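Here come two complexes built around chain A, the first alongside chain B, the second alongside chain C.
Entry: the complex of A and B
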């Protein structure tokens, strides 16, 4: 809803009737300008009280309920004027309208009776009345509908981000807590839908997994062993969970220590020099990481190359030569034997000529020696065989195991390695040269890093601010400690996860028989669904971060354009524990050293506004109410800030001490203005310490 | 496949149990990504890689450590499974060259005699490989710091023999 008006009766410093304490608001930027003590925060209190029955307790620095605040709600002047036995009524009336032009009047009333000069009998609670405009008159809305109507004025989850005081900004976006941004996004976007999905699929998987294990357990023969294994599995599972938590915690502590170190560097003397040393150190570290990676790859491939590039054969030539001699002797013998077999007939092929041989067969007689060779005898067959010489090869080998093809293949294949073996030394040398070069670079970078570190140490030792230096050292120790805890924790986790799969495998071996396939299928499907839900959530979240960064930069750019000293932009950096933190970086992506408080507030406001603006278009539907938001901002930024508010939100109501001495008519040209009021405290008797004389004068500025 | 060929590639050479620790420390038993082996402190992807390496070291040093019948030994995989195949063939060629393996007579032999020839080849492979393993083991025992030297195995190969 958009707020049309708010009016107060005897609410804190707003003494008197509604008509004297009435603000009417329009679309655009509504300003309530007043000096310190002028009633700005009490006006903010009135918004809060009418909706939530709470006011800000300035001593406790927190919002408290009416039943605790009691007669402090009452105007001191009204209390003073009230006679003993009389009542003072406090009322705040807020009128808000919906996008469909429905009008609601929300009234909160509280009453106290004066029992003596100092004491009051207070009602135990305030009373809320909600009316809806029906045609031309207000009609009371039933109590059951109150909550939903109040939530339409400002939804509860948006309240901290759309209704806040300048001093709350730090707490709202406390980046020392790395999960701040994530919490805000979780709260203000629909990412929780994906969290629900993860939770549902996780439950599904747990159930499916449990059913599968139960079914497997039924098939187990060795129940004792299975029981022990199940217990070990459960314990190990818990240990994994605890270890993951511990790693997460150590990661967070590591990030905190790192941030503290960065923060302290800025505080100690020679900060600039230290910053530049640190930047050089970081750059060297990147180079070192890269060279080390390359070196590791080369080392890895070196051992591979012993086999893939056959370095291992480096000195093998003489052995191959020996084989070659042996092979030559073998093949020569083999060939001789083969040839002998082929030529073991005394007469060469075609001697005597076939025509004579055929004649011999016809006459059944050898015409060379004159002996008989009757058909069917060995002699006849021998003569007949002469015809087959050279036309038919014998199927029967003369070797029991003809190895010629294997040995020839071995010989020919290995012969091809000769050139490769000759060049091995040169190839190894080339790799060694590459390694040498990388090693030299690494030595060079490490040497420079050591120089930087020594230089840094000298600068720190010279530092006179002992406390800062001591705390710097402590955080350095913490950083190293947590880093090593994370490393050892991760190693433990790998071990535990290995144990887990070991236990699972062992358990699987105990299962004799098959479980129903649908149980296994359900287990797999839910596991996959769970993984998909997690991936989708991450993808959506990262997309939100991208959008947020872009929108925040648009707003940050507008807010800072009047101040030429800022050239940076907001970068949302993912840190090791998966959270995001904002940084102000230059165009090359380097972090701007020590941003001032104004910059930080602007970054926070830009992020808050872009979250509100980018998701759900809340900036269109609800009113932004800010109390002194520019209290920590340098003057030059305020103009950009108000301009952004006017452009971004359909309606914003801002109490401020800015523009007190300005020509307000100029504002209209600069901002998308709604109404402008000037408020000041009035003490008719002239004593500014006498609160019983206090009321607020409200003047609407006609622009 | 020819019987001799089949028998050669079915050879499953052994190493002395004394070197079991050495083999397990330096080679990645049971598979795993080759790319990770170096970061996991393993110089060899498989036991057979380490075995081939040790064979050539023994060969180049011209040292043999024969395995006797009552020696306690370990086997890992038949030669037919070793990779790359070209390198395995080269190893066989060297073993044939350096043994009394009779290429000529083999072609006339019966199954029993072939067995004897294959045994000769196996003994030669094992002899060189175990001598290589023994040499590596002694070197590391003498200078334990060498184990941290990423180039130890490459340097050993680069020595002049």
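Entry: the complex of A and C
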């Protein structure tokens, strides 16, 4: 909702009735300008009190409930004027409107009775009344609806980022806390949608997987073995989860140690040598990472190369030659025997002609040599065969088991491997030479990194600070330790995942029969949905970061364009564990050394505004209420800041000391000004130490 | 906060993991929408997930809706 007005009765320094303490606000930038002690923070308190029944306790530096603050809530002047036995009522009325122009009046009332000059009997709690405008009359809203209406004025999760005081900016965006940006993004953007979907799909997968395993277990004959395997699967799954967590923790600790080292190196005075060593160290690290990656890939692929690169054929030349020799002799003998069989018929096919052959069969006599050839004799059968020549091939093989085609295929296929066999030794040797080369490079780079580290230590030592040197050594040890833990953790993880596959395969073998296809389908679908949900979340988050960085830089640019000091730009740098931290960098991407406080405040404000603007258009639907936001900013930064507020938020209400002596008419368009009020504390009797005389004068500036 | 279901679905479809798992081409992905029915049970399960979640159904209701789709 957008704030229409706020009015107070006897609320702290705002002595008197509502009509004397009334602010009406418009769209755009609304300013309430006052000197120190002029009532600005108490106006901010009024907003807070009417919605949350809390007030900022200056001594405790925290918000406290009304029942704790008690008579301190009351105007000192009203308390002074009240007779003993009389009551002082405190009221704040806030009127706000929705996007659909629905009006709500939120009133909070508190009362205290004066029992003597110094003591008050206070109500145990304040009273909240919420009215809704219906046609032209206010209609009281039931208590059950109060919370939802108050949440529509400003949602709870938005409140810290849209209603705050200048001194709270540092805490809202603490750059030392690596998760600060992520917390804000998680709270204010819709990234939680994807977190929810990850959780839902994971639970869906766990349930589907459990159902599938249960169904499979019912089909298993060897129940004992199945039970053991199921237990192993569960335990291994937990171990995998624990190992992944441990790896992430070690990675984070590694990054922390690295950051600490960088920080200490940053303290070295000889900047030039430091930069040169740092650059060389970074380059070496890149090379090391690359070589280690290559080495890991080669090692991982070594066993596969037995088959993919035919290493298994190493030293098989002699076997191949032996087979080739045997095959040659075999096929030669085979051909000879086949040829001999084929040449048994020495006469040409049509000699004698078939008519004569038939005649010979009829007369049962060979007409060539004159011999008898009675029916049924060998001679008769021989003549008959002459008739069958060329019409029908004999399908009776001369070999009992003719393996010639198999051996031929085998021989021809082996020929294709001949070259591979010849070159296998060379290929294996090349691969291992490569491994050796990589290992030597890694040793070389590590050695040089150690030398650089020692050089750094010497440079640090020159600063004559034992603490720094000891710290440096400790962080180096930690860095190496965590790096090693990450590497060994990853190796363990590979082993555990391999075990998991093994158990799953073993279990699958025990299953006799088929489970319902829907169970397997559900298992697969939920698994895939979960994997995609995780990936989508990361991609959406990274895109959000890109947009945030761009928007924050637009806002930051607008805020700083009027001043001449070096301002840099905002870079959201990804660090360990997926966190992002904001940095201020120059145009070349190098971190700006020692940015001034105003710069830092503006960066934080730009980021907060950018996050609010990113999704859901909070800036359109809710008012930004700030109390003295520029209190820690240099003057030359404030113009840009107010201009950005006016452009970014549909309504902002800012209490400030700025422009106290300025003519704001010139800035009306530039700031998109709504209402402007000037407030000042009044002590009619002239004694500025007498709080019983204090009231606030409110003057609206006509623009 | 109610989420925009078209936006959520589009983000899933643009994901690299989605392309890797389904093997769909760009054209096939562009043809997927909440309004059109596909014969692919995985796509319909994904849509059910998005629709029921964005309707602010409980987790149980979301999972039940997906399982119903898988079983039909």
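As a convention for this text, the second predicted complex is superposed on the first by the 375 of 703 C-alpha atoms of A that agree within 3 Å, B and C clash if a C-alpha of one lies under 4 Å from a C-alpha of the other, contacts with A are read in each partner's own complex, and residues count from 1 in each chain.
The rule is short, and it goes like this: a contact is a pair of C-beta atoms (placed from the backbone, for glycine too) under 8 Å apart; a residue touches a chain by one contact, two chains touch by 3 or more.
What you are looking at is a predicted structure, and each value in this text was computed from that prediction instead of being measured.
In the superposed model, A:330 lies in contact with chain B only, and not with chain C.
Contacts of A:532 after superposition on the shared chain: chain C is touched, whereas chain B is not. Look at A:201: by the touch rule set out above, it reaches chain C but stays clear of chain B. Looking at the shared chain after the overlay, A:304 reaches chain B, while chain C stays out of its contact range. Look at A:522: by the touch rule set out above, it reaches chain C but stays clear of chain B.
Of the two partner chains placed by superposition, only chain B is touched by A:413; chain C is not. In the superposed model, A:477 makes contact with neither chain B nor chain C. Counted by residues of chain A touched, the larger count belongs to B, out of chain B and chain C. Judged by the touch definition given at the top, the superposed model places A:400 against chain B, while chain C stays out of reach.
According to the touch criterion, chain A has no shared surface contacted by chain B in one complex and chain C in the other.
The touching residues of chain A, when paired with chain C in their complex, are 190, 193-194, 196-197, 199-201, 203-204, 207, 518, 521-522, 525-526, 528-529, 531-536, 539-540, 616. Per the touch definition, chain B reaches chain A in the complex via residues 2-5, 8, 34-35, 37-39, 43-45, 49, 52-53, 56, 59-60, 84, 86-87, 89-90, 92-94, 96-98, 103-104, 106-110, 114, 150-151, 153-154, 157-158, 161.
Of all the residues in chain A, the ones that touch chain B in their complex are 296, 299-300, 302-304, 306-308, 310-316, 319-320, 322-323, 326-327, 329-330, 333-334, 399-403, 405-407, 410-411, 413-414, 417, 428. Contact residues of chain C toward chain A in the complex are 1, 3, 8, 11-12, 14-18, 21, 41-42, 45-46, 49, 53, 59, 62-63, 66-67, 70-71.
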